[in-house]
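In structure tokens below, several structures.
Two complexes, one shared chain (chain A), two partners (chain B, chain C).
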Partner chain A sequence: MADILQLLVAGLATGAIYALVAIGFTLLWQTSQTINFAQGEFVMLPAFFVLIAMSYFGLSFWPAVAVGTLVSIIVLGALFKRLVVDPMIRHGVLPLVIATIGLAILMKEAVREFYGADAQPFPPLAADINVTILGVAFAMQSLVVLAIGIAAVVALQLFLNRTRTGRCMQATAQNPTAARLLGIPVERMILYTFLINGALVALASILITPIYLAKFTNGEWLGLYAFIAAIVGGFNQVRGAIAGGLLLGVVDNFAAAYLSSQYRMALPLLILIVVILFRPQGLLGRIEERTV
Partner chain B sequence: MRGMKLGPVVSALLLMAGAAGAADVKLAYVGEISGSIAVSGGNFRDGVILAVEEINAAGGILKEKIALSQLDTQTNPGVARSQMQKAIDGEPYVVLGPIFSGNVKATMQLLQQAEIPHLIGGEAGELTTLGDRFLFRTSFGQQIGMPKIANFIRDELKAKTIALIWVNNDFGKGGRDNLMKQLAERNIKLVADVSTESGQVDFAADVVKLKAANADAVFVYSNEEECARIMREARKQGLKGPFVGDTTLLSQKTIELAGDAANGVMGHVGLTADAPIPAVAEFTARFQKRFNYKPDHNGIKGYTAVYAVKYVTEKKLGKFDRKALAQVMHGLTIAPKDEPAILIETTWDNVGEIDRISFLAEVVNGQQKITKILPKLGK
Partner chain C sequence: MRRGLLAGIVLTLAAAFLIAAPFAFKPYGIFILSMWAVMTIAAIGLNLTLGYAGQISLAQAAFVGIGAYITAYLTTRGWPFWITYVFGAVACFAIGWLLGYPALRVQHHYLAFVTLAFNTLVYLVFRNEEWVTGGIYGISNVPRPHVLGWPTNGPREFYYFCLAHLALISLASWWVIRSPWGRAFMALRENPVRALSLGVDTRRYTLMAFALGAGLGGIAGALYAPLVQFVDPTPFALGLSLNLLLMVVVGGSGYFFGPFLGAIVAVLLPEWLRFTEGFYLMGYALLVIILMAFRPTGLLGLADRLLKPRSKPAAKVAAATPDAAMQTEAAR
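The block that comes next holds the complex of A and B.
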């Protein structure tokens, strides 16, 4: 029983990170019809911003995290929108998708070339100690990651639902034309979405890198897991992304423990196939109709 | 008039052609510069580069400078084969690498057919059993290291049960098979046998399995990055040790990546930059000055490989002859008094297997501390 609880908490912690990344996917899709296949690399990169701030500019950890987050928001949010999305989206979704695939390769190879191919250690957010709850020992790091992930999601939901700007962003996502007619600055709302994605990927990066180490290949599997989480949960619903991420983290962990490490990826992919076949809008997504 | 203008041009071209034709001896490094084994491959490559720079600064081998080409296998056997073929097309004197045992297996036949000596970094036990007369190790095979660590588990740790976590590639499988045999011979029971994947990042579920086994000791046998991640996860979940391994668990890169999580791990190391040998300490200092990081055992492997080639070519052959080099290296012993850059007395047997002294070590406060020196098997 203790093992199951520990696996559950560890899975939820990992799943919270997948959820943060998957939320970024869904937000970008909802507001700007952007499918960002560089999202995994977007999570890989902020860790290197932090490492550069520490090793080359001599900052201590938390100031480096602040700088890394700011750089992520600017580069992976504003600049990404301005230099990649805006020029490509007018040609349709497919060219933009291909552009993001190319961007992913560019980012990965740039890190390998200019920083290094080796994995790098990253300072942990919490001490390597165990906390005993109800007689079961849980890793402090897992609890901290889970707590921060939940707090970030709750904060985002409050922002989207309880603030004027958040409601404007939702209106833009639902119907940009109507939102424009109501006087909502649609372009600004779309920009905010990209900036929020930049912050989310930075947060995910800082949470996951202490455990997985900073390496240029981290984006490959992270992006895939987050994409599966977004599809399974529902690509057009933030709460779907949350559910998908948490589900995927738990399923992956239990599959590794009780099936095999070799086939741990098989179960999430199987779930993806089943969802696409029988509930293509995702577990919590809504069916979208288009007029032709 | 035209002839007068042509003359100087032709002369200049001939001069340039003559300069380009000045003999360089070609060495090819074909190894893991990227991919999951980049840590090991990068160290090995840098050891090679340091040796090449030193030798060239001293005049080269038989007065010919070394021209080193570097090709990246990307830790992928398919890519390794094509890169090796590319290297062979360049007609190198010797090939150095690969380090990843899977890539060695994928490429050794090409080199054997081309009759090019290759000094590998791979440690999988079977590599020297495949009849390749041109293959030479730069570190112990697992069949040498595992008996030593099994003795340590039996005699020093007095462990009756072991939980094993290993990487599912040629290196890991070979180590697991060798270890299981050695443990069985010593009546030590394997109570957990956890296989993991190369490049794996999440070990939470695997560590839960190790905890459930409740063994006297945990044996970790994976590549450096994965060892570091396993140790971090193990400490995170409070898995009790002791933790034991062979070479990779105690390597410098593992210690750097694992941080405090590496403290207390113990094991056998065939080669180490922390060996209490002055020549090794001097090499480590030069390597650190050149590359701004401390080498692990792979750096020593790459470095000594080049100097072994130099020694045989200059002192035993007096000429560049690939086949003769391979023949001479079988049964050869190089001592530091003959070639100081070999660092530790090294012997190759008739299948290319290596023999040297080795070490038992423990990680203390982020440093590898040698606790015992083990003699050569041949002594």
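The block that comes next holds the complex of A and C.
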């Protein structure tokens, strides 16, 4: 029983991180039809921003985190939209998919070339101790990650549902033409989603890198998990991405513990295929009209 | 008319270069050229699926892998090459047909994710089912075949074997594209609903597009195994699928000579520009992004456009991108 609880909490913690990445992914899709194949690399990179701020500019950890997040919002949010998405979006979905595949290669190679191919340690957010709750020992790290993940998701939901700007963003996502008719500055709302995505990937990066070390290849599997979380949950729903992320984290952890560590990756992939074939809109998603 | 002549000259020069090349190159250079031919075959397959029929597939590496493993497993156990070759192609054709079923239900990015998941699953099988695939140690000492009684053990002989394959497959795919099948594929790409209403069996042709593309992937794999003489899981991970996709798109998806040009950019140039190290890949990635922003039809689309309006600077451009001129004449 204790085992199961521990696995569940650890799974929810990594799942919360996947959820953050998947939320950013679905936000971009909803507002601008951007399928970001570089989303995994987007999570890989901010950790290096932080490391560079620490080692080259001599900042201590927390200021470096602030700088890394800011750089990530500017580069992976605003510049990504301006330089990659804007010139391409008129060609349709596929060229943008291919361009982001190119972008992923570019980011990976740039990190390898300019920073190094070795895995770098990254300062953890919490001390490496166990906390005993109701007789079960949990890793402090998992609890902190889970708490931050939940706080971020709740804050984002409040922003999207309770503030004027957030509701304008939702209107833009649901129907850009109608939103524009109602006087919503659609372009600015789209920019906001890119900035939010920049912040979300930075947060995810800072949460996950202490566990898996900073390495230029991290984006490969992180991106895959984000896609799976987003699609399984429902591509067009923020709560779908949350559910998908948490489900994926838990399934992944249990599969690794009870099924086979070699095939731990296989179960999420099978779930993905089954969901796409039998419920393409995702577990919580709405059905979208298909474009011919 | 002049363009036709130019195309003929470029094609003849390219063929002459490919035939004469082994006498000028060291064995490693010949190996790279053979690899170019093999990857071009895989990319031709993907071009049928993606470029002509408009179905995105991120699983081509899995089919190359399946073809390679079948050939490697059976030939190291004494089976004759040609039987394993046919097995590989037929198995990939069948699996590709099955993989086409999701394409009947979902489109675009969903299809990209299904095929991507399939590729990763196949990779996991290669890595973990050690009793067949040898796991991470792979299968080594894959023998090279005898062709009509001639051994192809030397790099030069095997290169010609690959080149002959490439020539035959080019002709065959040329024929497919020109046949009613090819026209049905293009109808499917341009407007599936209209194609259906005109009496094209879109269901059958979608599956066929996947199966043919996968079958060519399997043939590329069947050549890959004896070329490298060693098969392990790493080359068949998602990276190669993305790479093949980029080859097709950079060369010009839906252009007959797109895969040839794309494979030059992705397979040959990195070797010749080795001194640039990681910068080559960065430059390549930038090229992809810039092409997608300005010319999503790829290098041949670019050449096509540059050739059209004026005829004088055309000669220069065509000379710079060898396969460009003949494509405008022929493939569209």
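Going forward, the second predicted complex is superposed on the first by the 289 of 292 C-alpha atoms of A that agree within 3 Å, B and C clash if a C-alpha of one lies under 4 Å from a C-alpha of the other, contacts with A are read in each partner's own complex, and residues count from 1 in each chain.
Convention: contacts are C-beta pairs under 8 Å (C-beta built on N, C-alpha and C of every residue); 3 or more make two chains touch, one makes a residue touch a chain.
As the structure is a computational prediction, the values presented were derived from the model and not from experiment.
S.K.: Label the relationship between chain B and chain C on chain A in the superposed model as either fit or clash.
M.R.: fit
S.K.: Thinking of the overlay built on chain A, is A:Ala119 touched by chain B (first), by chain C (second), by both, or by neither?
M.R.: Once the two structures are laid over each other on A, A:Ala119 reaches chain B alone.
S.K.: In the overlay, answer first, second, both or neither for which of chain B and chain C A:Gln6 touches.
M.R.: first
S.K.: For A:Leu213, using the defined touch cut-off, is the partner it touches chain B, chain C, both, or neither? Pick first, second, both or neither.
M.R.: first
S.K.: Contact-wise, after the overlay, does A:Val67 reach chain B, chain C, both or neither (first, second, both, neither)?
M.R.: neither
S.K.: Would you check which partner chain A:Gln262 touches, where first means chain B only, second means chain C only, and both and neither mean what they say?
M.R.: A:Gln262 contacts both chain B and chain C.
S.K.: Can A:Leu94 be said to touch chain B (first), chain C (second), both, or neither?
M.R.: A:Leu94 sits against chain C, while chain B stays out of touch.
S.K.: Check the superposed model and tell me the shortest C-alpha distance between chain B and chain C, rounded to whole Å.
M.R.: In the combined three-chain model, chain B comes within 5 Å of chain C at the C-alpha level.
S.K.: List the residues of chain A that touch chain B in one complex and chain C in the other.
M.R.: Residues 112, 262 of chain A touch both chain B and chain C.
S.K.: Of all residues in chain C, which touch chain A in the complex?
M.R.: 56, 102, 105-110, 112-114, 116-118, 120-121, 124, 127-128, 191-193, 238, 242, 245-246, 249, 277-279, 281-282, 284-289, 292-294, 296
S.K.: Under the touch definition given earlier, write down the residues of chain B that touch chain A in their complex.
M.R.: Residues of chain B touching chain A: 33-36, 38-39, 42, 168, 194-197, 199-202, 204-206, 208-209, 211-212, 225, 228-229, 232-233, 235-238, 253, 256-261.
S.K.: Touching residues of chain A toward chain C in the complex: what are they?
M.R.: 35, 84, 87-88, 91, 93-99, 101-103, 105-106, 109-110, 112-113, 220, 224, 227-228, 231, 262-263, 265-266, 269-270, 272-273, 276-277, 280, 290-292
S.K.: Help me check something: in the complex, which residues belonging to chain A touch chain B?
M.R.: 3, 6-7, 10-11, 14, 112, 117-121, 128, 130, 137, 139-142, 211-213, 215, 217-218, 221, 252-257, 260-262, 264
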